[in-house]
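In the two complexes below, chain A is the common chain; its partner is chain B in one and chain C in the other.
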Partner chain A sequence: MRGTGRGLFAVGVALVGLMVLLAVAAPLISRYDPAAQGVGPALAGPSVEHWLGTDRFGRDLAARVLHGGRTTLLATAAALALVVSVGTLVGAAVAAVGSIVDRLARPLFDLLVAFPVMVVALALVGLWGPSLGTALAGVLIVLWAPFARLSRSLVRTALAEPSAVAARALGAGRLRLLRYEVWPRLRGPVLVLAAVEAAQLIGVVAGLSFLGLGAQPPSAEWGAMLQEGRAALWSAPHLVLAPGIAVLVTVLGLTCMAEGLRDMLDRAGQVVPE
Partner chain B sequence: MLVLAGCGGQATAGQGGSETLRVATSALAASVDPMAELSASYLRSVGAAEGLMRTRADGTVAPELAEKVEATSPTVWTATLRPGVTFWKGGTVDAAAVVASMERARAENTLAAGLLKDVTVAATGDRTVTFTTKEPSHSLPSALSHYQLVIHNVASAPKEADLTGPYRITGFESDRRMVLERNDRWWGGTPGLARVEVQKVGDPQARAQIALSGQAEIVQDLPTDRAKELSAAPGMALVAKPAANTVTVYLNPSSAAAPALADQRVRQALSWGVDRQEVVDLATNGLSVPASSWLASNPAFPDAAKQGYVRFDKATAERLLDEAGWRVGADGKRAKAGTKLTLRLLTFGAEAATGEVLQAQWARLGIDVQVRNVESSLINQSIDKGDWDAVTQAWTTLGDTAKLMAAQIGPAGAANHGKYTDPRIAGLLAQAAGAPSEDQRTAAVYDLNKLMVELAPSIPVHPRVLATGVSKKVTGFVAHPLQYENIVQPTMTLG
Partner chain C sequence: MAVVARGVATAAGLLLVASMLVFALVRAAPGDAVDVEFGESGASALLSPEEEAVARAQRARELGLDRSVPEQYARWLDRVVRLDLGTSFRTGRPVADELGDRVAASAALGGAGFLVALTVAWLIAALSARRPGGLLDHALRVLSLTATAVPTFLLGSLGLRYAAEWFGYPVAGEASWRRLWLPAVVLGVGAMPVVARLLRASLITEYGRPYALAARARGTSTARLTFRHVMRPAFAPLLTLAGLTLSSLVAASVITEVIFSWPGVSEYAVSAISAKDYPVVQAYLLLVVAVVVVVNRTMDVLQHLLDPRVAHAAQVA
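Right, the complex of A and B next:
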């Protein structure tokens, strides 16, 4: 049995909000440049001077985690905004046009949804060289498809609803139909899917940087920091713990948001993506 | 007449134990045929293969299978072989066998062909081999110490290895594992170990764990960023030796993306702007040493460490950049006629950390550097295409110095990636290779090194680190600046 979801959603919003706040306020919170080497002794543990310690280059780890959040969250947010808008619009357009376009587009959406995001991103990195932009381009090629598929399905369902048919019979235009019949049915499920995909995106962005294929030095990025810290896992575990916890909290927050929202929509009787 | 003579056997090998030495390495031979690419270096490093000469830890060369090697005329070197040397299977290592080995090397291996270019090898007695060069040559003993000229029984090659080293191969899995047992026929006495098991462990972190857990007595190529932990481990010593190679940033004066590199003052400024001690401290955990000039990592040329960029001089770097017209703007970045001073630096392997420290140091001068750590093949591709600004490489500095310097700065030098030229180079190279006295040749090498500092085709930073974990049970381990001389020694024992 599911709860109302409000509590879970609130926890998610609080966690994600906290991480976003820390990232936005990074220059105010930390007085160190995240790329500045030698601001402290190399591989020092947490102290009053360096709250989370320092890395092998003597860089302040707190500054890097906070600024790393900017890189990871900004990249994720930008990519998400793009895939949500492109996917939703394409899906809605396909559903609205219908007929042969719909028959052609549906297998394309299914094919793209089946494609592993990481593989496409790796292929692009292989072609154009490693960078966060290239990695995100690989993500964008694939990740709009789930939104298009969801949107297509929901728009078709919404347009077939008796209220939409009646509105059309009474002379309602396309915009009016979209505004009053389609959008209320679309926004909730799209939001749920966006929260789910955001958590996946964080993993992809951090994962590619962990492999050295995303953010390049001296950029602070959580995945790249995990890779840098891996070598000193036993002697300086704070190098891995700090970015690791940041990734964990953010992904947990997004997952809570998605689950909470899903429960809320479910109770409201709306279609929710699994 | 110059004579390089050995003093009997390799010494104190003689009290063979019954222990097995376990070795974990980062790389292993793909074939037991020494003429297969890179195999000879691995075979030499594990005590399987030997040459007529060998390079000692101080950088000088000494006879190995040869009893002596002497220059009998300006163009003729005569090697007298040790008596009683046999291959593992019992065949005698006589002059004919040595000539056959040399000729097979020349025919089948491009590196060996380069070492024996314009050299005629002939058996002039049972134990006498003469090497006749086209031009007077002073570097032949050095060439004979190269791993690619190890002596092997041609009759068994390429299917089986029949070599001369103190340990003979009894088990082999390509690129994975090699088992060696004591060669009772070895010319130098009884090798100290009964058995050697060499295992390839590709991941540096896994090698570090093996060293810490005592699963191997010798662990090669340990990651320098775990130096502190490894040094403190009980039962093991971390032996770190700067290698005889210099991690160097090669600069492209023809780069369209970084036109500033065409200006010698900019290249010199980049070099003055490197705080090498900080690079060593941060990128190698203090296990390497600063290299003020390219030759500084060669132990046979100790004065090279006093040449070149002997200090970090930010003021000089800034002055040179200003003189070249690259001035600091309001954003703290240097620019000239609206073009920013930027460059792309490609690094390879462990040099990623070096690249990252250089990036931060050059940023303090107002230079924007993008660093990418890539496979070495990608670096070579970029150089071939001409699409590069700066790359790190670490060429060996120990060996035939004149040839090594020619590779760096000569007109067709394999490491002269930027095609640098100067009217003084040809004369100095000729002096370094062919001047009649050793003092004159040495002086020419130092002059060439100084010229490289002036032209700044590349920026010397530090030697690579050979970090080896050695169990305290092991005696006789010799830290060597050449990696392939660094692992299994015949005198090594397990206490």
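Right, the complex of A and C next:
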């Protein structure tokens, strides 16, 4: 169809890897303390001294974006690991048990999948008060469902494949079926979905923070920086632009990874998740 | 008919489950209605601690908070079904009325956003499906990927800022056509890539079908082939798509409505959050749940009615 997808996947991995590397090596790259005020003039534009300029308190914006990546990326990775494992396991369990459980679970998964993550996170923040933890919790409540739905349908089809039926007839146990029949058909699509949902997660949390409903200042976190920047949108748009572009590059990388993987799966004749 | 009946039954079941989830969420939140009325415990200056405890218990009894949880749920559901969503703490008006005033603005923005997404997606899909894997296809794919990646808040806030500076776009004010286009474009850009991908794939499939080849062999022009023959079947997956885009449109509209101070339901909910106006938050959640369930089920039923193969596939699965 449209190339092998390897190139696109590589671009995605490179972009995400770059953002992770920048966050990890933040203290080596910028010599400024992200929390130190008055290291430069307030609200200055980009310069040799301060690559991305400074914020309202004269803090170095480049240092803040670099260090902020640590919190944002770590929180995203942890949240993602949780939803991927929980969702995939629940879906697989439902498919394995089958019968009435399966019939009841399917519409429930469909409902949760259709549900806007943003709105649930918003409601949770509304009831518990704004913080990064609450916003993330709101995302986690619904974001496991896409993985559960995907893994349910994949496990069902995998177990019905002639090769799986043959393996069972030869006396393969549950674990063996899981390892050799189910897992190879599961990992690719789950990875695509993980990349898609990671992008969504970062976008939603950053969006909530931008509205002042997620991460709170003064922490150096992309969302919190966006919120601070929003107040100065008219006089100093670079305050929103700097963390905003950091979010954009990360999401772009994840999206490229997902698209590249999609092409690769498509060529291999595997299921391609939406 | 059986399909419709089953759709309605599923929708009712899902709404019931969803209402339980919402109730559980609201109940689990810290502070109940009594806390909200009396403030934190011991905060009252007029009452002694004993008097306050008595008053609190009295009020809790009036509100039915001393009953069992299932009973409370039943009473709550009864009120919700009659559209009694409580009164806003801030304005003292019934929440249902306040939301009702704003539904039209949200629907207008969402509809306009969907239209933008559909138009742009159709253009992109039609151009890329001409020669899959060609240069134009690749270029448009890069465009789509970028559109997916641009955060709504970035596009929205910078768009607002520069549109105001360059063409005098009205930053605040009533909902009007003059103010609708920019947030609609912001919404549309976000929802476009998913639509474009689906349409492109479906167009390529249709172009490759025997009837399309036969039409080409008869000398039908590409434009005629596209508009007369291929377009209709290619739009078939659009029903699923409306459901798919709905959730992303709703999500993006939260950000967009706030940035553009567009007087819709999401903007109302966000402003209620900072004021700790719980009944509004709850009602907003219920409204979105209801819309999502109803739209999804309707799409499902429509698809069954329009394409018998889907019904058959569903029965087999």
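Criterion: the second predicted complex is superposed on the first by the 268 of 274 C-alpha atoms of A that agree within 3 Å, B and C clash if a C-alpha of one lies under 4 Å from a C-alpha of the other, contacts with A are read in each partner's own complex, and residues count from 1 in each chain.
We take it that a residue touches a chain if its C-beta (ideal position, glycine included) is under 8 Å from a C-beta of that chain, and two chains touch if they have at least 3 such contacts.
What you see is a predicted model, and the numbers here were worked out from it, not measured in a lab.
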First (chain B), second (chain C), both or neither touched by A:F115: second
Looking at A:R56 after the superposition, I want to know if it touches chain B, chain C, both of them or none. Which is it: first, second, both, neither? first
For A:G98, decide between first (touching chain B), second (touching chain C), both and neither. neither
Counting residues of chain A touched by each partner, does chain B or chain C come out ahead? C
Check whether A:Q216 is in contact with chain B, with chain C, with both or with neither, and answer first, second, both or neither. first
Kindly classify A:W234 by the partners it touches after superposition: chain B alone (first), chain C alone (second), both, or neither? both
Touching A:V247, do we find chain B (first), chain C (second), both, or neither? second
With the two complexes superposed on chain A, say which partner A:Q37 touches: chain B (first), chain C (second), both, or neither. first
With the two structures laid over each other on chain A, which partner does A:G17 touch: chain B (first), chain C (second), both, or neither? neither
Which parts of chain A are touched by chain B and by chain C alike? 130, 212, 230, 234
Any idea which chain C residues touch chain A in the complex? 10, 13-14, 17-18, 25-26, 29-30, 132-133, 137-138, 141, 145-146, 148-154, 157-158, 161, 204, 243-244, 246-248, 250-252, 254-255, 258, 266, 269-270, 272-274, 278, 281-282, 284-285, 288-289, 292-293, 296
Which of the residues in chain A end up touching chain B in this complex? 35-38, 42-43, 56-58, 129-130, 212, 216-218, 230-232, 234-235
Quick check on the complex: what are the chain A residues that touch chain C? 1-3, 107-108, 110-111, 114-120, 122-128, 130, 199, 203-204, 206-207, 210-213, 226, 230, 233-234, 237, 240-241, 244-245, 247-249, 251-252, 255-256, 259, 274
In the complex, go through chain B and note every residue touching chain A. 204-205, 223, 225-226, 228-229, 278, 281-282, 285, 352-353, 355-357, 359-360, 363, 370-373
